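Okay, got some structures for you below.
Same chain, two partners: subunit A is paired with subunit B first, then with subunit C.
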Partner chain A sequence: QDRQAWAALQREPLHCTARFRAGCGRSDATSRPSAPRRAGPGLMGRGVSVLEREVCPSPAPVREGAWPRSAAAPIGGAGRRRALGTRARFPARSALLAVPVPPPPPRVPMFGERAAELVRGLHRAADGHLPAFNEDGIRQVLEEMKALYEQNQADVNEAKSGRSDLIRTIKFRHCALLRNRRCVVAYLYDRLLRIRALRWEYGSVLPSDLRFHMSADETEWFNQYKKSLATYMRSLGGEEGLDLTQDMKPPKSLYIEVRCLKDHGEFEIEDGTTILLKKNSQHFLPRWKCEQLIRQGVLEHVLS
Partner chain B sequence: MAEGPEVRELDSDGSSEELVLTPAQLIRSLEQAWLNEKFAPELLESKSEIVECVMEQLDHMESNLKRAKHGDLKVSIHRMEIERIRYVLSSYLRCRLVKIEKFFPHILEKEKSRAEGEPSVLSPEEFAFAKEYMANTETYLKNVALKHMPPNLQKVDLLRLVPKPNLDSFVFLRVQERQENILVEPETDEQREYVIDLEEGSQHLIRYKTIAPLVGSGAVQLI
Partner chain C sequence: APPRPAMSEAYFPVGPGLGPEENFLSLEDILMSQEKLPGRVEAAVPRLAAVLGKGAGAGQSDGVPEGSKVEIPLWLAKGLYDNKRRTLSVELPKIYKEGWRTVFSADANVVDLHKMGPYYYGFGSQLLNFDNPENPEIAQTILQTFIGRFRRIMDSSQNAYNEDTSALVARLDELERALFRAGQKGLNDFQCWEKGQASQITASSLVQNYRKRKFTDMDG
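Entry: the complex of A and B
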């Protein structure tokens, strides 16, 4: 933005200052150089901010008398009047690049907007991936709910003593409270569903980066879920029950070709032989033995 | 096919009328239960007798294989058989678990209001799992959010918040036993409700709600 302003400045020929010098103290057009006179009466004496220069960049939108030669040097010319604050607002050319545009004042969010942002942030995370727990977001929504409720309580007391025009405001705030609660519960429940999917994909022990994304309560929920699931699977018959997290795909063949991705040590198969799983070694192993290791990332199924 | 003794199956209400099934028939009924469960939008009746019998069969086959000669061709074929049956059984139970977790308030409500003598959709172990899941989720929501909310908003009715199974979804079916006079609801305003007969062996695409009881009785098979 500053660069554009500077470029616009460069485009202006010297007649600007010439005009200034020429126009100093005089109001007749004849002493002006070639540049046409363009001054709107309303803008006389007012400065042109950098932003306005952006809006109408060509032709050079400098109004007559509006451009000070420098911030420091006082402009002579008794006949010219300008707003007192202009010098401060329109510093010299070289200082223009250093001027930051003041930020707009912070906007107060609408009711329910923070809650919607909470849900949207989760929705944006692709494909069931679990982002970090947005503790700040939840806290802000709960604070907003508290503020709304307190305002409502005060208004309800007033409404009871006669002021019935407040009822609509109370209803509106109540709607906002319900919406906030719905968003918060939806956010938390959707995260629970994603965590549940993690148990089925990764097994009992989650990778550490995922564990950091879960809050303490979520970890507690996960542990309870694991326990319930284990109890159920154990009860399915036989001595150890049936591990439902195995056999996720229909079996195509008995033995599969696998490549080892990291060192895993020794691995024993049914007929008693042990196999040393070293990185990048390939083996032809029974499928049901490998499924767990494939899911953990130790082995890789080679499809050739 | 698997060697093994004939399998006895008890009737679902516990009476001692025993239905003797060959292993082939047992596996067939497991596959039928599996397909029905996969394609039905709601949780179907629990077939825990089939599950138990199949688990017994699998154990039996495994122990047979352990005794068999190593390197025999039959061993690998039987092992494939075991794997396939185990996959079907796991898939069936997983499908049920997914539905239980998805619709847990409605299922528990239905179980609570079930009349005495009606068969349950949940096995006792599934019921315990469902109850634990509900308690776990409710405690979590309460501790993380609800107890910090204003007092009049702290109770959350899970029955209303969690969506119900969509019984109006369409399913494909094959008719096993001839049915007569099935009442079909109209789809559009111009239609009126009409009656159809289902011929044995025919295949149809119809709303699940219309034929739900037939799935339970085994008169149709979802495909």
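Entry: the complex of A and C
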């Protein structure tokens, strides 16, 4: 296929140079899938050509006169034939250095990098703290997955009609899709584990900051989890149920001494009396009433 | 003074897998498999030159030619690898090669495993998935390194109470750090019990950052 393309080009040298000059920079893969792209002399052709000359292992046989001298060597991988007739007559190196070489194209991020960032951000929040929901991050990963999927669909169609070498490209993108999926699922799952821990360690009503850190779905999940847990606890221990989230440490007495760490307002106990929880005040209260407030940091358990 | 709040006791993350199997949901395993290793493209991969860092000078949709050296993350290497090496062949990163293996066997304790890619044991175990003739030696080195270093980790984690431990963990890899933390937790729990604080209700460690804010009313 290569040879035919070259043969065709040889027959019309001037046309080709013009065409290539105009067409350089675009990858017109559909018409001639394996024809090499060539840089016209007016573009960065010279700078690149010298590199190509060093990379291309073997020069093609010279045929003087059949090709304009200014045509540059083709760009391509090892083994491609150079333009016939161009025994390379490149400008001296010093002249080349004067020609500004444009900066390399911006680095295309490798697939799966954004997904790894998502996971890294969550992993950094140590000890089970719940950071804000990274909606942007998720959205970017899903966009990458969509692009990969569409590219793969297109390539599968092309592969079916002959280009079997695209199989590896498709496999590559498929690995990236699986990877992105794994990262997103693990991210969401780990967050749920943290939210579940909040119910046990903190209580059934979360402070507003934490609520803002959760997505709508996660809030819904938390509510459902609370309900499931409450239903289960009610079903234990006879009529009243059993609060499993109490007495996480072995209790030594029914009443405990507590000190107030911040103003919390009025607090009612069983016999109807109200207690004012003012900062630094100390009280002797039933353990089961205080446990949650201690866990929330309002009270401090004072050991006698 | 109020006792130091414990680490979260209700958060049980999915831990890393053992041996050559990763845990799908483990954040640690995901980060570990993001680490790169060197490889060689055995058959051209069209259109992905830019993504593999080979796009300089050429266009965005050029292929990666056969024979190119690449640095790819472990997850990709595992996905593309097959026994017959039709697409990809992988090389060992240098710390798992002969030269470094000798260093490890000389004295494993002096090596900074955090710098050598913070998942030395995990990543090394994953390398065994690629059939490399050196696999038995690699496995042996990883095991012996762990045995050599474990004693010091256990000792330091059991004896550093209420101190700044950053110097002790600086040169540990992630698996060793997890072990260190487990040791510290055991030590702290025991000290807490000895002081009679085991029955003291403590504030949830998850609350620490949100102290300054108001709480809404509790429901039943």
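Keep in mind that, in the parts below, the second predicted complex is superposed on the first by the 170 of 304 C-alpha atoms of A that agree within 3 Å, B and C clash if a C-alpha of one lies under 4 Å from a C-alpha of the other, contacts with A are read in each partner's own complex, and residues count from 1 in each chain.
Keep this in mind: a contact is a pair of C-beta atoms (placed from the backbone, for glycine too) under 8 Å apart; a residue touches a chain by one contact, two chains touch by 3 or more.
The structure displayed is predicted, hence computed values, not measured ones.
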After the match on subunit A, would you call subunit B and subunit C a fit or a clash? fit
Using the superposition on chain A described above, determine whether A:250 touches subunit B (first), subunit C (second), both, or neither. both
For A:288 in the superposed arrangement: first (subunit B), second (subunit C), both or neither? first
If touched residues of subunit A are counted for subunit B and for subunit C, the larger one: C
Once chain A of both complexes is superposed, is A:296 in touch with subunit B (first), subunit C (second), both, or neither? second
If you stack the two complexes on chain A, which partner ends up touching A:129: first (subunit B), second (subunit C), both, or neither? second
Quick check on the superposed pair: does A:203 touch subunit B, subunit C, both, or neither? Answer first, second, both or neither. second
What is the contact status of A:159 with respect to subunit B (first) and subunit C (second): first, second, both, or neither? neither
Just subunit B (first), just subunit C (second), both, or neither: which does A:146 touch? first
So in the superposed three-chain picture, is A:275 touching just subunit B, just subunit C, both, or none of them (first/second/both/neither)? neither
For A:185, using the defined touch cut-off, is the partner it touches subunit B, subunit C, both, or neither? Pick first, second, both or neither. both
Shortest span in Å between Cα atoms of subunit B and of subunit C, once chain A is used as the common reference: 5
Note: overlapping subunit A surface for subunit B and subunit C spans 178, 185, 189, 196, 248-251, 287
In the complex formed with subunit A, which residues of subunit C make contact? 2, 7-14, 24-28, 30-31, 34, 43-48, 50-53, 55-63, 65-67, 73, 75-76, 79-80, 87, 196-211, 213-219
Touch list for subunit A against partner subunit B, complex: 138, 142, 145-146, 149, 177-178, 181, 184-185, 188-189, 192, 196, 215, 217-218, 220-221, 224-225, 228-229, 231-232, 235-238, 242, 244, 246-251, 254, 271, 287-288
Which residues of subunit B touch subunit A in the complex? 51-52, 55-56, 58-59, 70, 76, 79-80, 83-84, 86-87, 89-91, 93-94, 97, 101, 125-126, 128-129, 132-133, 136-137, 140-141, 143-146, 148-150, 153, 156, 161
For the complex, give me every residue of subunit A touching subunit C. 25-27, 29, 37, 48, 51, 75, 77-78, 104-105, 107-108, 110-112, 116, 119-120, 122-123, 127-130, 155, 163, 165-166, 168-169, 171-172, 174-176, 178-179, 182-183, 185-187, 189-190, 193-194, 196-205, 207-210, 248-252, 256, 264, 287, 290-292, 294-298, 300-301, 303
